[in-house]
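As structure tokens, the structure follows; a few thoughts come after it.
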Amino acid sequence: NAQECFPVWLDNYKHDHSVHWLNFHSIDCKEEIEDFATEMGLHPLSVEDIYTFVQRPKVEEFDSYIFFSLRSLEPNTTSLELKKEQLSFILGSNYLISFQEKKSDHFTDVRERIEFDKGRIRKRGADYLLYKLLEAIIDNYFEVIEDVQQKIEEYDIRMAEEDDHSLFKEIEAEKRQLIELRQVVFPLKELFGQLEKLNNIQIDEENKYFFSDLRDNCLSLLDEIESNKSILEGLGNIYYAIQGQKMNEIMKVLTIVGAIFIPLTFIAGIYGMNFDNIPELHYKNAYFYCMAVMIILAIAMLIYFKRKKWL
Amino acid sequence: NAQECFPVWLDNYKHDHSVHWLNFHSIDCKEEIEDFATEMGLHPLSVEDIYTFVQRPKVEEFDSYIFFSLRSLEPNTTSLELKKEQLSFILGSNYLISFQEKKSDHFTDVRERIEFDKGRIRKRGADYLLYKLLEAIIDNYFEVIEDVQQKIEEYDIRMAEEDDHSLFKEIEAEKRQLIELRQVVFPLKELFGQLEKLNNIQIDEENKYFFSDLRDNCLSLLDEIESNKSILEGLGNIYYAIQGQKMNEIMKVLTIVGAIFIPLTFIAGIYGMNFDNIPELHYKNAYFYCMAVMIILAIAMLIYFKRKKWL
Amino acid sequence: NAQECFPVWLDNYKHDHSVHWLNFHSIDCKEEIEDFATEMGLHPLSVEDIYTFVQRPKVEEFDSYIFFSLRSLEPNTTSLELKKEQLSFILGSNYLISFQEKKSDHFTDVRERIEFDKGRIRKRGADYLLYKLLEAIIDNYFEVIEDVQQKIEEYDIRMAEEDDHSLFKEIEAEKRQLIELRQVVFPLKELFGQLEKLNNIQIDEENKYFFSDLRDNCLSLLDEIESNKSILEGLGNIYYAIQGQKMNEIMKVLTIVGAIFIPLTFIAGIYGMNFDNIPELHYKNAYFYCMAVMIILAIAMLIYFKRKKWL
Amino acid sequence: NAQECFPVWLDNYKHDHSVHWLNFHSIDCKEEIEDFATEMGLHPLSVEDIYTFVQRPKVEEFDSYIFFSLRSLEPNTTSLELKKEQLSFILGSNYLISFQEKKSDHFTDVRERIEFDKGRIRKRGADYLLYKLLEAIIDNYFEVIEDVQQKIEEYDIRMAEEDDHSLFKEIEAEKRQLIELRQVVFPLKELFGQLEKLNNIQIDEENKYFFSDLRDNCLSLLDEIESNKSILEGLGNIYYAIQGQKMNEIMKVLTIVGAIFIPLTFIAGIYGMNFDNIPELHYKNAYFYCMAVMIILAIAMLIYFKRKKWL
Amino acid sequence: NAQECFPVWLDNYKHDHSVHWLNFHSIDCKEEIEDFATEMGLHPLSVEDIYTFVQRPKVEEFDSYIFFSLRSLEPNTTSLELKKEQLSFILGSNYLISFQEKKSDHFTDVRERIEFDKGRIRKRGADYLLYKLLEAIIDNYFEVIEDVQQKIEEYDIRMAEEDDHSLFKEIEAEKRQLIELRQVVFPLKELFGQLEKLNNIQIDEENKYFFSDLRDNCLSLLDEIESNKSILEGLGNIYYAIQGQKMNEIMKVLTIVGAIFIPLTFIAGIYGMNFDNIPELHYKNAYFYCMAVMIILAIAMLIYFKRKKWL
């Protein structure tokens, strides 16, 4: 249905009372969009809003349509930063226009379902279509969470093995993803609450149930975000604990080696001195006695460390 | 009562106005459940919800029944992760249908009590039966808390002895259990609040008191969760403090040994040099004076460390 | 007044319209209490509640009485855990029955005051007596706080001296006391709010002021709990800082000794080598020059450390 | 006006309808105050409240007056603890009685202004006078904040230089001051809110504006407290970071010295051995080759450390 | 329009019903401002408020005008502290007077737009002009956020390289900026809420939409502040983790070198002793056997460290 030449679409939607959906794969050609907006009778402010990139989702009621814009966030397979995209919607009584920042496959799934099940959407109206599209976006949010959860399981395993602080950095990067997601979902929750309360011809009373469902999804997302953030913080704590314990182990090795051999080296040093008169040097078995003392000292040290549970 | 062949059950429940309970031990045979649902006049969405696994508990009112689903969590004796199961309920005016994800013994206790005390449940109605089942699930939540409390006592003891970071990991695992539990109990609290306010023929005014009781239990659980989380955090802090102190002890041993013997070894090294002209080497008691100096130095060091309270 | 044989008491309270107080020093003899409850016309659920130990305080209205149960917490002079006791009250129009878990002296003070000032309590009614008993319990809560504050002062002093992690453990134990207290006081606050709103013949409009006073005390307690928890956290931070600084000091000593003597020992080692041809060994004043170089090196090191403010 | 003999004051205030202010410089002479209270028709509870020291400020309405008590907190130039004082006020229709715990100069400023500008206060009434006194107390709270801010600037500078943990202790002491202040200001805010809503002849509708102004001041104070607490926490973090970095530096020095000279000393030790048959010892330039190897080793180590950015 | 001589302006604004804007570039000449205020019929309190520097923004309604004051915050290119300035506005029915603390270019942009588009502002009224000025100030707040975000990206890169604690200090300084900003924006949000509810002739019903827009901006700012604070805290954690890891690396080098060479040096020391009777010394290949043992020992150690993943 999407991206036909405008005149045809405009013609279609005016004469046909079934639902029309127009999707812009990019918003690069501003001029044409402006022309189209004038043709559709959209407020200039709405066009401006399509081009203003903000964090908070936004809903605005106009006389003949509702303007709606939000951020899509998706996990990024190649980097630790989320894929972000601003999406805007214009919901009229029998049409829905969506604007994507760049060509992406957000709505493939929905489009397929539409092909398959034209009847239902036609019957339900443009607001139901909007609900379907928003649901697809919120599903992406859930994917971010799932991605984080998968990463957490991965970190649980990597934790004990790796020593690199890159692990810690990744944990913090995941936390940032959750912070970013939270910044989008939190106002979205309120926004769906607003949408439910609107008395607007564009949204059917009957379909409001669906928007309340989206609101529940947002609540669920916020729960998940908080829980996963806590778990990531816990992972960070474990990292510190492991780091501290590795330090302890390293120092134990040095201390045990040092505490045993430094005194012994000193004894060896004494009998390496060149004083003319060191009586011990001339006793027959002095060397063997000396070695015995050294071994006893070393064993005493080992027992001491054993008692201290350092070994 | 449970899992008789459906036709008999259906026949029974339609002709008999006493309470009927049907429990599905598993939800593997989706087709049969769908057939049964059609027979019962259940909404297809309800069947779908039985198969959708979500974190948040959910209640939905339909014309002839209330749909209710939540997560059961139980402590796991063999691992640090909780046993999880999704449970769904359909409460009609004179019947209750429950769906378990897998065969488990959640309701054994309730079933026994029913055997024993059929009269009371019959008199009270299906909503009272639902209350009894929910109570059994919430009792499991309390078991999670008790399990955590027991672990805390165990950790208190293990703390001083063990040096392994596995203890710290366990503490964090317990915290995760609490986070997970919180994620279930928090929305449950709100849900029971909703249930109290419903004007529905399925729930007797008189029995609403029981649901308000369950809500109180949830509040109690949330209090316990927060307190135990704080205590676990405190344990984590103690772990860090002990780790730091062990480090200090390790370093003290190395430093004391090093600070005493490294200078002495140097002195021994001096008189081990092979210069032709080292006058001291030829004094008669030089060796003994040298030893005396070394001993005095060592004692001075020991006094210094004693003063510093390192010994 | 307390613990006379029941029949006499029952007889008394029925014929005499002044206030009657019956205190159970223990709840071990369950059977007798059940008999007594039947005699008094108490609901079986109330008796059950006396024997159910829960964290959250609870109030329940019955036709002829109000049931009230809460936890008493007292500082424990011999251990770091609080003394806990469940107390239950049954407030009728002209009687008050209290149940103590074990024989303790919670109410000695109140009893003495009653002996002394019978008139006032008689005039005021059973609800005033309840208020007096609850006040005594809340005074115990304040004692917990005072105990914590005293400990904080003690820790402030011990902090710099001690090196043992037992101090840190004690800090965390005090925090746990506050967490436990909070868990009791927080719902208590809400409960007194409920009590104020009750329209019940058992509580005089005039005496409601007293319960609002108890609520204020709870608020005050919660403030104190939060403040003292923050202060204890601060103490924990200081502990870490001191631990870190001690570590730094220990390492400085080792580093200074090592950095001065390890290079010098190396120089001594060179001239201790047995090569046939080491020309320096045969210079007349080589030994003295060598010593001079060593002393200069040591002084240079000391100046370096002085500049680094390590000395 | 203050502290004339009571009879004269009493006489004055009864016959003269202008505003009367009586300030008690201390509350040591309890008996006289009790006599005076009886004379004035004050409730015994109010006198008791003057002598009860509590953290939370308190307001109580009586028939002919309002009782008001709060804590004054002032920065202490000689110690890190705040100067505390309990102040109580009794506001009648044409008089104000204030009680100070000890002789202090809280109200000097106000008294001077009164001397200077008698007219205004007389016209405005006793509630305006109370407002002026409360303002003076709240100004002290702001001084605590300013004192903390000054300290923060001081710490910013001292941070890098000092190594003593006393700095950290001071930071925590400042935090405690803020916690203490918060404990007073937070309920005060609510209290002024209550005062605004009172329908009481003692407070003019017109003057309520002033109390709402005080409430704004409290909000401002709470903001400042939170911000400064966060900043102090930040300073604590910096302290830890610096401590950690100093540790790193100390260990680097030891490690560099150790890693260079310990292997070299070992080489020297080899050729210091007295085996009969060590061929190298007899080569003509062996000593010089050996020295060359040592120097190359040392340089290699230095390059390694340079690459690691430890130098 | 701004800063003409007052009489002309006064004359103008009285006779002309279009919008008049007077901007004070500085508030140094207090006397003249006071004169002007009298002329305009402003309340003396308003003039006082212009000269009182407070953190919280403030709005006050007077009979003929609304007083409004807030803090402007701007990122500072040369230092880590924000540029602060107090701005006050007086909004009459057809005039707006603004007071800047010091000559700055806050409003250049707005002034240019006014020059360009006089018509619109004239039509919309003085409240629209106020909106435009406030928008300019809030844009500055957003610049602070953007500045912080840029810094965060910078820190992400610098983190791994630098070892200086100055980085940590900068992170804390950025946090302070956010704390400061929060202290301004949070009450501002509430203030715009108040403004919306005011029934005042100075603000058109129609223009209230703009103030609700500013409130949304404040909410957005608060979201951003919290998110960025969390990210900065995460950066601080990474710093600690890197610091800890560097420490571990440093200690590993020392420990490996020490654990290999200290025992070897001891062996060398043994055969450097001058006992008359050390049989090994006289074996023919003793030296070579000794060297072999040493090499084997060193290799064993290396394998041990390799297994421990220290190499």
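In this document, chain identifiers A, B, C, D and E correspond to the written order of the chains, with residue numbering beginning at 1 in each.
Keep this in mind: contacts are C-beta pairs under 8 Å (C-beta built on N, C-alpha and C of every residue); 3 or more make two chains touch, one makes a residue touch a chain.
Computed from a prediction, not measured in an experiment: that's the story for all the values here.
Listed by label, the chains that touch chain A and also chain D are E. The chains that touch chain B as well as chain C do not exist here; no chain meets both. Where chain C touches chain D, the two copies mostly use different residue numbers: shared numbers make up under half of all numbers in play. Centres computed as Cα averages put chain A at a distance of 24 Å from chain E.
Averaged C-alpha coordinates put the centre of chain C at 39 Å from the centre of chain E. Residue positions 240, 244, 247, 251, 254, 258, 262, 265, 269, 272-274, 278 of chain E each touch two or more of the other chains.
The cyclic arrangement of chains, read from chain D in the direction of chain E, is D, E, A, B, C.
Per the touch definition, chain D reaches chain E in the complex via residues 216, 219-220, 223-224, 227, 230-231, 234-235, 237-238, 240-242, 244-245, 247-248, 251-252, 254-255, 258-259, 262-263, 265-266, 269-270, 272-278, 308-310.
Of all the residues in chain C, the ones that touch chain B in their complex are 54-56, 163-165, 168-169, 172, 175-176, 179-180, 182-183, 186-187, 236, 239-240, 243-244, 246-247, 250-251, 253-254, 257-258, 261-262, 264-265, 268-269, 271-274, 278, 280-282, 284-287, 290-291.
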